[in-house]
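A, B, C and D label the chains in the order they appear, each numbered from 1.
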Amino acid sequence: MKRAYGFDEVALVPGDVTINPDQTNIAFTIRNLTFSTPILAASMDAIVDPNFAILTSKLGGLAVLNLDGVQTRYEKPEEVLAEISQASDAEVTALLQKIYSQPVKENLIAERIQTIKQAGATCAVSLIPATTKRLAPVADEAGADIVVVQSTVTTARHISKSYRGLIFSELCQMVSMPVIVGNCVTYGAALELMRTGIDGILVGIGPGAACTTREVIGVGVPQVTATMDCAAARDTYFEETGRYVALITDGGIRTGSDLCKAFASGADAVMLGSILAQAKEAPGKGYNWGMSHPNPALPRGTRVKVGARASLEQLLFGPTSVTNGTENFVGALRTAMGVCGALAIKDMHKVKMVIAPAIKTEGKYFQAMQGMS
Amino acid sequence: MKRAYGFDEVALVPGDVTINPDQTNIAFTIRNLTFSTPILAASMDAIVDPNFAILTSKLGGLAVLNLDGVQTRYEKPEEVLAEISQASDAEVTALLQKIYSQPVKENLIAERIQTIKQAGATCAVSLIPATTKRLAPVADEAGADIVVVQSTVTTARHISKSYRGLIFSELCQMVSMPVIVGNCVTYGAALELMRTGIDGILVGIGPGAACTTREVIGVGVPQVTATMDCAAARDTYFEETGRYVALITDGGIRTGSDLCKAFASGADAVMLGSILAQAKEAPGKGYNWGMSHPNPALPRGTRVKVGARASLEQLLFGPTSVTNGTENFVGALRTAMGVCGALAIKDMHKVKMVIAPAIKTEGKYFQAMQGMS
Amino acid sequence: MKRAYGFDEVALVPGDVTINPDQTNIAFTIRNLTFSTPILAASMDAIVDPNFAILTSKLGGLAVLNLDGVQTRYEKPEEVLAEISQASDAEVTALLQKIYSQPVKENLIAERIQTIKQAGATCAVSLIPATTKRLAPVADEAGADIVVVQSTVTTARHISKSYRGLIFSELCQMVSMPVIVGNCVTYGAALELMRTGIDGILVGIGPGAACTTREVIGVGVPQVTATMDCAAARDTYFEETGRYVALITDGGIRTGSDLCKAFASGADAVMLGSILAQAKEAPGKGYNWGMSHPNPALPRGTRVKVGARASLEQLLFGPTSVTNGTENFVGALRTAMGVCGALAIKDMHKVKMVIAPAIKTEGKYFQAMQGMS
Amino acid sequence: MKRAYGFDEVALVPGDVTINPDQTNIAFTIRNLTFSTPILAASMDAIVDPNFAILTSKLGGLAVLNLDGVQTRYEKPEEVLAEISQASDAEVTALLQKIYSQPVKENLIAERIQTIKQAGATCAVSLIPATTKRLAPVADEAGADIVVVQSTVTTARHISKSYRGLIFSELCQMVSMPVIVGNCVTYGAALELMRTGIDGILVGIGPGAACTTREVIGVGVPQVTATMDCAAARDTYFEETGRYVALITDGGIRTGSDLCKAFASGADAVMLGSILAQAKEAPGKGYNWGMSHPNPALPRGTRVKVGARASLEQLLFGPTSVTNGTENFVGALRTAMGVCGALAIKDMHKVKMVIAPAIKTEGKYFQAMQGMS
């Protein structure tokens, strides 16, 4: 058994050269699309609606609109979202189940995409594997720039009696836009997925020790190791083909520190979920929730109060009033790249890390002081 | 000194292929008996009575009736069980000591077995080593299907002045039914036990770090390592003889995650104790208790309130209303096998695990969120 | 840097053979003196007075009388002891400093020893290095059976301007009784000490992670590694000379589990301090305290309430009413030897251990249950 | 990835020889200046003012006066310091920002240095890299004995668009006094810095697991490993050139134990911050605060109440009334050197350490007792 590491267990080693943070370049690219901010907003109904997608695009990042949620099930999703955020704790589970039992409407897919595109923003959308074959062409035709096909664990080969599995190589032929697929965590699974012709890959399954996936079924790989292994697959595939598939670490990132370590582990970008649910502009209005899981016998995720505590711009770029690393993620990345001597994200991939567990000390006093002396 | 691992310290790695959970096969076999659900109910008075055994059998599993407890000491065990569950905390220890000082009656052994058999259920019974030679033939003649001989630590060789140790090879000759023996945790002890001709082996001694056996006498091996080592002995023995001895991991399983890891470590089935004491149908009526230990100078276990929180069917198959992995154990196993690409339990034995300690984070908020993003 | 292990980080592995606990032999020997119970009572004023020494001897163990404490400074130590146990928390530190500033009286040394000897008990006494040369002959002449020379860190070579260091080889010539010396924790220091001709060695410096020595000066080696390393020195020395020096693990033992692990690490006996201060017969009357340290600038130890919770016999041999391993230490040792297949202490030295950290789980319910299922 | 260790994870191993603490020599040298106490007071406004510098010098140590703080921005810094310590929590952040926006006055630099020199004390001053070229000659001319150029992460090579980086080799030519530079944590960065001709090096970046630098940007190396790696660079450089650069471990030291381990890891001296802020003579009057960070988007450090609990002399030399290692740091060092057999600091560098994590036990009772038995 190999030891796998999470964000809490490693630390970045400063470089022999340092760079002024304002000289670092943090852009990342998916096929022919380049983004100045290497951060994706997760395709969750509490986080991304068309307005949030437009705002994210203006700030240089990329928000992914969930085509399997309230935006495409309801003409007026804002009413449904208001219902969720106003429901009592007692009634919210039943409400969520009712809301997500409505069918997805194809005309709404086109409508949402067009709203985003008309604002001049880049439009990424997400689908679950079961509906991808049917709906990806709809999104493609409506002008979506990127499609994300996402499930908890995704492989290039899926064995099923009930339906013929989604063939990613066929999907890549079927749509003109870049395809991002996930999630995966191993060298083997990542390499096979890349060989289907996809343009990006999402890394992260059961990333946190306290993650539901790990608690319920015991499956998961901590994110530092998962990202490193998938990055090795990306590099192997690049050597073989000359094609560079973007690696996006998704899940488990709670602080600027975690984000910096994801890049040092090999990520080209990161996908943020619960952090961005705290943006004042997020449609969840201070709440976040998971969507109903395909298998109702193993429910995962209920509505959680996260608080709408800062604007998206402040979360990404500061200024920050907190000292715990939960704001100004871009500033943290640039500062880390500066002290590690990384001019671009690809230099950050080469930064050394040490294994240095975050043992919690009890003396709160010393915790506060250590940042000073 | 070798490092030994427990459930909390490892995680399963998803496969390169995934499988729909409904296509997985989780059956397991003891000699010529096959069970569709690879879960045994521990032979504790608070868990298994004839009704519970019949119900478990209907659900595809196997309950083990304790032939050294209230069922065989009392004509009307339900009265005694009611006394235990109604006793105050102050009086319960004395009550338990009194209750378990009554002798076991051979006629009741036959009676309980026949009740189970007449319902068409498979009947497994347990004995302690000291009474096995006398009572195993009684159970065999009464129609029991499987006999479990269980003590905290069992080896094929036991040195004693006071009595001639139980010889397992003689026992296997003496009874026609399959024999399961335990508990053991090492390659050597497991291999020696298998060579006596037994059909199943129970793995688990002092499995948890907080286990009484480890706290009082310092003895124990965490379950992942114990199961792996005994599984290696099973495989060695199978290569030598062509006979496959069933490996049953017993103890330390608290969640679906733990259960999945037991199978990935090499278990053919698992034995659940405290989890099943929480079934509404369990005779303990929301309580569980250890039996008086042979050595009264080192008492272990008192009555513990566990709560009768769900039906046995719900505990095993869901649907579940909780997200912490303490319900729908079969669903968890099938889901894990699906994402790990294991069609049958023997494929699950080959699933990779990583060492990934469950470091508890303090931010409850992030714990709730990580399962989502 | 080598990894060092403490009691909490290892567990004993059961054997391939098991033995009935009543057939185990736990005797240990210092030169020509054999004790049926391999437990020494630490030379602390709160633990050992002549009555306690006599009682311990009757129970097969060995209590060490502190010749540098109240017993030899006061004609009527019981009055002084009563003062300490009755003092308020506010006044006790000053009181202890006053009490221990009285000089040691040589005539009292002889008197205390004779009290113990006249009761037919074995008499062990302890001295600090600075007074050993002067007082060891006094004790020897008064009939003491064993002398223990103890300081926090003891080596065969000590560099000092102010006094010529105690030469242990000279001490061994000077007195007829066996000499025990300590404490030490390394192979090198233990071997050098043995070569001076001593009969026993105390192992333990800063054993616990929370130990004052480790907190104040950072010095210490966890007890499993310390005992293993010194046991290797003992075995080397035995091979070289044929003389077997008794190894006594001193400090850090809190439970039966710890005690069993000390023997598995190589101890021939253990010295217990705080545990025995809880005996109803201990002169501390439910309190324990450290003596004033030679260097007043680094005080260590104040009076601590420990509670007088059980008789010495019950602490050593049970029966016990607790399930946390803090009573019936001898029963725990015999049970562990039984399941590990060790007939005598020297067999226990060969028992395998695994590294299996005691990660604390939060679910108290599962902690209680794990000992059962 | 290499494992890196912090103070909490290691322990010192006692020697085969012991030495009386009063015979140990703890002096350390920077170029031609020798200090009898190897402790530097960190250049923080809450810790060092001219009076504190004079007192530290009398006690054999070295205080570093911050030339970028209130002492050089204000004619009457005592008034500003009083304002800070009297401000409410709500207003203090704004107050600190206002206070530190005043410009540094060159005439005050000379004045403060002269105050210290006229008292016969050694005067060390600190500068940030951006102002060093301009102000170091001013300090040199005013009679400063040592200049410290300090930033969070310092390398010999810094890439910047906005200003030409500080060239340390030029600085060493420019001023006659010894130059200390920091902070760094790696062999490579330390070696490059030494090759610029500097006389001392500060080790420590993000030392603590709870450190703000690690939490916000994920960068840091625990101090045992950082000190060992930089000490290896110092030794390499000494072998190459015959010039011995003083290594000063800065940050993360909370107790005497930590301090002793810093020396055993290779430090020639240590720099203390938050500990010395607790001195009654410290100008922070029981408070400590970080200075405004160059990047206001990532603020670090606010005002923290530390309490003015003992005189500087007592903190350094005792006597101490506490048993947790937070007073009498010099006594702790001498005692550790004594039991480890180290006559001088350079012998302390050779003392063995073991990896022995400080796992916190829950039983407070045993924690108190372990120091005794």
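Rule of thumb we're sticking to: contacts are C-beta pairs under 8 Å (C-beta built on N, C-alpha and C of every residue); 3 or more make two chains touch, one makes a residue touch a chain.
As the structure is a prediction and not an experimental result, all values here were calculated from the model.
Novice: Shared numbers divided by all numbers used: is that above or below half for subunit B and subunit C, i.e. same or different?
Specialist: different
Novice: Subunit A to subunit C: how many Å between their CA centres?
Specialist: Each chain reduced to its C-alpha mean, subunit A and subunit C end up 58 Å apart.
Novice: Find the geometric centre of each of subunit A and subunit D from their Cα atoms only, then give the gap between the two centres in Å, rounded to an integer.
Specialist: Once rounded, the distance between the two centres reads 41 Å.
Novice: Note the residues in subunit B that touch 2 or more other chains, in rising order.
Specialist: Answer for subunit B, listing residues that touch two or more other chains: 357-358, 360.
Novice: Considering only which chains touch which, label the overall pattern as line, ring, star, complete or other.
Specialist: Shape = ring; chains linked end to end, path closes on itself.
Novice: Mind listing the subunit A positions that touch subunit D in their complex?
Specialist: 5, 7, 10-23, 255-261, 264, 317-321, 323-325, 328, 331-333, 335-336, 339-341, 343, 352-363, 365-373
Novice: For a test of understanding, state which residues of subunit C touch subunit D in their complex under the given definition.
Specialist: Within the complex, subunit C contacts subunit D at residues 1-4, 6, 8-9, 42, 44, 152-162, 184-186, 188-189, 192, 205-222, 225, 250-252, 254, 271-274, 277, 288-290, 295-302, 304, 306, 357-358, 360.
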